[in-house]
C-alpha cells in the first residue's frame, strides 16, 4: 500500500466571479520514502494540490471531491481534530517563502519546540533541548544561541533551514516541500537541496516536491508528475521523463529550460524557449484537451474530446491523444 | 532606549504647548470680563480695575500666557470663578469616580472587544462576524446617553437589578462600588468596544492572510493557539494603538455618562463648569484630560518594543 | 487583422520543435477541407477519452447590475436608502405634520403617544412627532454642514501641509496638539465661548473634527508624492498648484468622501451630545438632540420623550455609517483598516 494516494481530486474555489477549477481530477500516489516531484507553471494547481493534502485551504470557499488517502485514511473525510494530529506530525510542510513563513514575534526555538510539545508531549525544557538538536541537524551554527533568536535576525537561507527543522521535528512520514528553494539565492538553493537530500536519507520521509524548476527535479526526485491547468498531464520516472517526454506540454517545458552548452535542435545555446499562448482560464469549463489552445499539434479532435491519462510505456502516463506510444505490451 | 524615551518626552512638549495655547486662548476670547465676574455685581469700576491688575489681565497676551503657563507648571490651575476653590482641589475631589469609571470601562471593553474582533476575523463573512460587525456599527451610531438611558430604564427601573443613579465610593466597599459602575461602564464602553473590535478584526484579517499563520496551522496547532498566540501577537500593535486613541472616546463619553447616571466626577464637573462659564475649571479639566491622553499614548508607543522584537529604539 | 492572427495559431511554434520527438501524424492532413467536414480518420472509439468531471461547486445564476450591487454592499445600499428617506422627511416636514413644532399647549403636557399625538407631547405640550420631523432638518443640516466644512478646511490645510515643506512642521504640530483634546470635549469647550445656535454648533464641531481630515489628506498627499507619475510631473517643472490640481486632488477624493461620511455621522451625534448637556442648539429650534434634552428630567417616567428622537437619530447615524462603510469598500478597499 502506498503512503499517500490521491484519487480523482477536485478542488474548486468559489470566487466572486465564478468557479475556479483549480484542481480537476488529479490522481497520484507516493510510496514510503519516495520523492515525487510535481512540476508545472504557476497557477497549474500544484500548490493547491499540496495544500489540500493538509487541508490548509479556506474551507467554505474551497470545495473538494475525490479522496486523499494517507496510510489508508481519507484525509478529506477526517474531522478537524484528527486532521490536526496529522499536520506537523505525520505530514509536514516546508513553504516557499522563508522570509514570511516564520512568525516574526516568536523565537525560533519556540516555533520548533511548539510542534514537539504538541505532538510528542515534551515539556518546555525538553522541547528547547530538542529544538537545539534540530537546529544543529539542519546545519545552523551556534544552535544554543540561535534557539533564542527571532526570525528577523537570520538570513533567508537560515530561515529555510529553520523551516526544515520545524517540518522534520516530529519525523514525519511525508514532507511536502512547496518550492523550498525558489526564493533563495542560487548558492543557498544548492545547500538547501543537499540538506533535504541528506535528511531524507536520515529521516526516511517521503517527499512531495513542488517546483517549477526542472533542474531541482532532476537532482532530487524519483518520479515526476507534470500538471497543467489543474490536471495531471504526464507522469514518469525522472530519467524516463527527461529522456522521452511524451506530452507536448512537457516537451515545451523542457524546451524552456536553459541548458548551457547543449545545442538544442539548432537553437542558440542557452536561449530560453517559451510556450506560445496563455494558460486557459480555469473559470470556464474546458471540454476538450486543456492544452489544445497552446499545443502545436492540436487538432479539432483535441478540442472536442479530452484525452484520458494512458500508459504510453511501462510506468509512463500521459494525457495526449497523439503522444507517441510504445508498442502495446502483448 | 532611554534616549528614545527622552526624545518622545520632548516631543510631547510642543503638543502640550498647543493644548495650553488653545486652552488659554479660550479664556482670553471668553465673553464677559473675568475681573468683573470676580469682583461681583456690587463692585465699583475701581474695584474691577484693581482686580484686573491683580489678575494680571492688563498685561499683553503673550506675557499673560507665559505667567499662566508658569503657574500651571507649578501645579496651580487657578481658582474657580464660581466656588472660589482652587481648580486642583475641585479636580481632586472629583477624580475618583471618573478614574474608576474609566478603568472599569477599559477593562470590560478590552477584554470583550479583542476576543470579539478575533472571532469575527476568524469567521469572516459568517453569522458571528456579521453580528459583531453589526454591533460595532450600532455602537458608533447610538449616542452614549441613549445607550445609558435604555440600559438604566431596563436594568435599573424595570428590573431593578442595579442602581439607576449615583456613585458609591470604593471606600464604601468594592461590591457597591462595582454595582454603581456596571451600567455607566457598559454605557461608556459601547462605542469603545465597537472601535476596538473593528480594528482588531481588520488587523486580524490581514494577519490571518500571512504565511506564518499558514505555517502555524500546518504544524497542527489548534484554532485557539493559532488565533490568540500566533496571529493576535502580530496584530497587537494596531490594537494597542487604537486602545490608546480610543481614550479620547472615553473622555468625551464620560462627560455624558456621568450626566446620565448622576456621577459626581470630572465629566459632571465639566458640564457644570460649561453651564456656569467657569473658565478656569474648564481650562483645568481640558488640560488634565489632554495631558492624560498624551501620556497614555506615549506609554503605548513605548510598549511597541515589548510587542514586536523587530522594533528597537 | 484578427484573421491573420488566428491563421498563425495552428502554425507549430518553433520552440516546440525542440522536443526530441519525431512525431508522425497518425491521421493524414485533410488539407484545406471546410470545417464542417471532420477528419473521418479520427474515431473517438480509438482514443482514450477522459470521462467528464462533475461540478463540485454549484453556482447561483448571475445577477444584474443592481442585483450585484445589492449583493456586494447590501448594508451600504440600505444605508443610502434610509438616509434618502430621512432627507425626504426633512424636506417635506411641513407636509408630514399638521402641528407647529414650536406651538406650546400647556393644557396637554407630557401626553403619552396617541392617535392625536403620535409620539406624545413634551413638557410644554409641544407635539413630539412634529418636533422630530422638523428636527430632521436641523440634525441633517448640522451633519452635512460639518462634513462639508471640516472636509474643505481640512483638505486645504492637508494639501498645504503635504506640499509646502516649511508649513508642514507647524501645521502638524498644531494638529497633533488639537488631536490630543478629545473632539467632544473640544466642541463643548468651544460652545462655552458662545451662545447656543445652529451656526455656532456647526463651527464648534467642525473645528473639533478638522484635525483628523488634515492628517488623512496629508498622508494621502505624502504617499502620492512618492508615485513616479507625480515625481515626473514635478521634475518636468509643472507648477505645484497644477500638480495638486491634476494629480493629487483627484486621488484624495475617494478617501475624503468616505471620511466626510463618517464626520457627518459623528457630527450628528456630537450635536445631540451638545444639546443634551445644554451647550447646543436652544429649544426654540427643534433638533433630535434638544428634544431628548427636554426629556432628560422625566426619563424615568416619560421614556417616550427620549425614545422617538433617539430612534430617529440612531437610525440616521447608522444609515450614514453604513453608507460610509459601503463607500469605503467600494472606493478604497485598503482603507478598510481604519476605523
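Should a chain be cited, it is by its letter among A, B and C, assigned in written order, with residues numbered from 1 in that chain.
Criterion: a contact is a pair of C-beta atoms (placed from the backbone, for glycine too) under 8 Å apart; a residue touches a chain by one contact, two chains touch by 3 or more.
Everything numeric here is computed off the predicted structure, so don't read it as measured data.
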Larger contact count among B-C and A-B belongs to B-C
So which chain is the furthest away from subunit A, centre to centre on CA atoms?
B
I'd like to verify one number: the distance from the centre of subunit A to the centre of subunit C, where each centre is the average of its C-alpha atoms, in whole angstrom.
44
Between subunit B and subunit C, what is the gap in Å from one C-alpha centre to the other?
27
When centres are defined as mean Cα positions, the distance from subunit A to subunit B in whole Å is 53
Given the complex with subunit A, which residues does subunit C contribute to the contact?
10-13, 15-21, 23, 25-27, 35, 38-39, 42, 44, 47-57, 59, 72
Which stretch or stretches of subunit C touch subunit B in the complex?
75, 173-174, 176-178, 180-186, 188-189, 191-194, 265-266, 269, 272-273, 276-279, 292, 299-300, 303, 306, 310, 313-314, 317-318, 321-322, 325, 336-337, 339
Complex contacts: residues of subunit A adjacent to subunit C
10-14, 16, 18-19, 21, 24-25, 63-65, 244-246, 248, 251-252, 254-256, 264-265, 267, 273-276, 287, 296-301, 305-310, 319, 321-322, 324
Under the stated contact criterion, what part of subunit B meets subunit A in this complex?
125-126, 210-212, 214-222, 229-230, 233-234, 307-310
Residue set of subunit B touching subunit C in the complex reads 14-19, 21-23, 26, 29-31, 137-138, 140-146, 149-150, 152-153, 157, 164, 195, 198-199, 202-203, 206, 238, 247-249, 251-253, 255-256, 259, 270-271, 273-275, 277, 279, 282, 285-286, 289-290, 293-294, 297
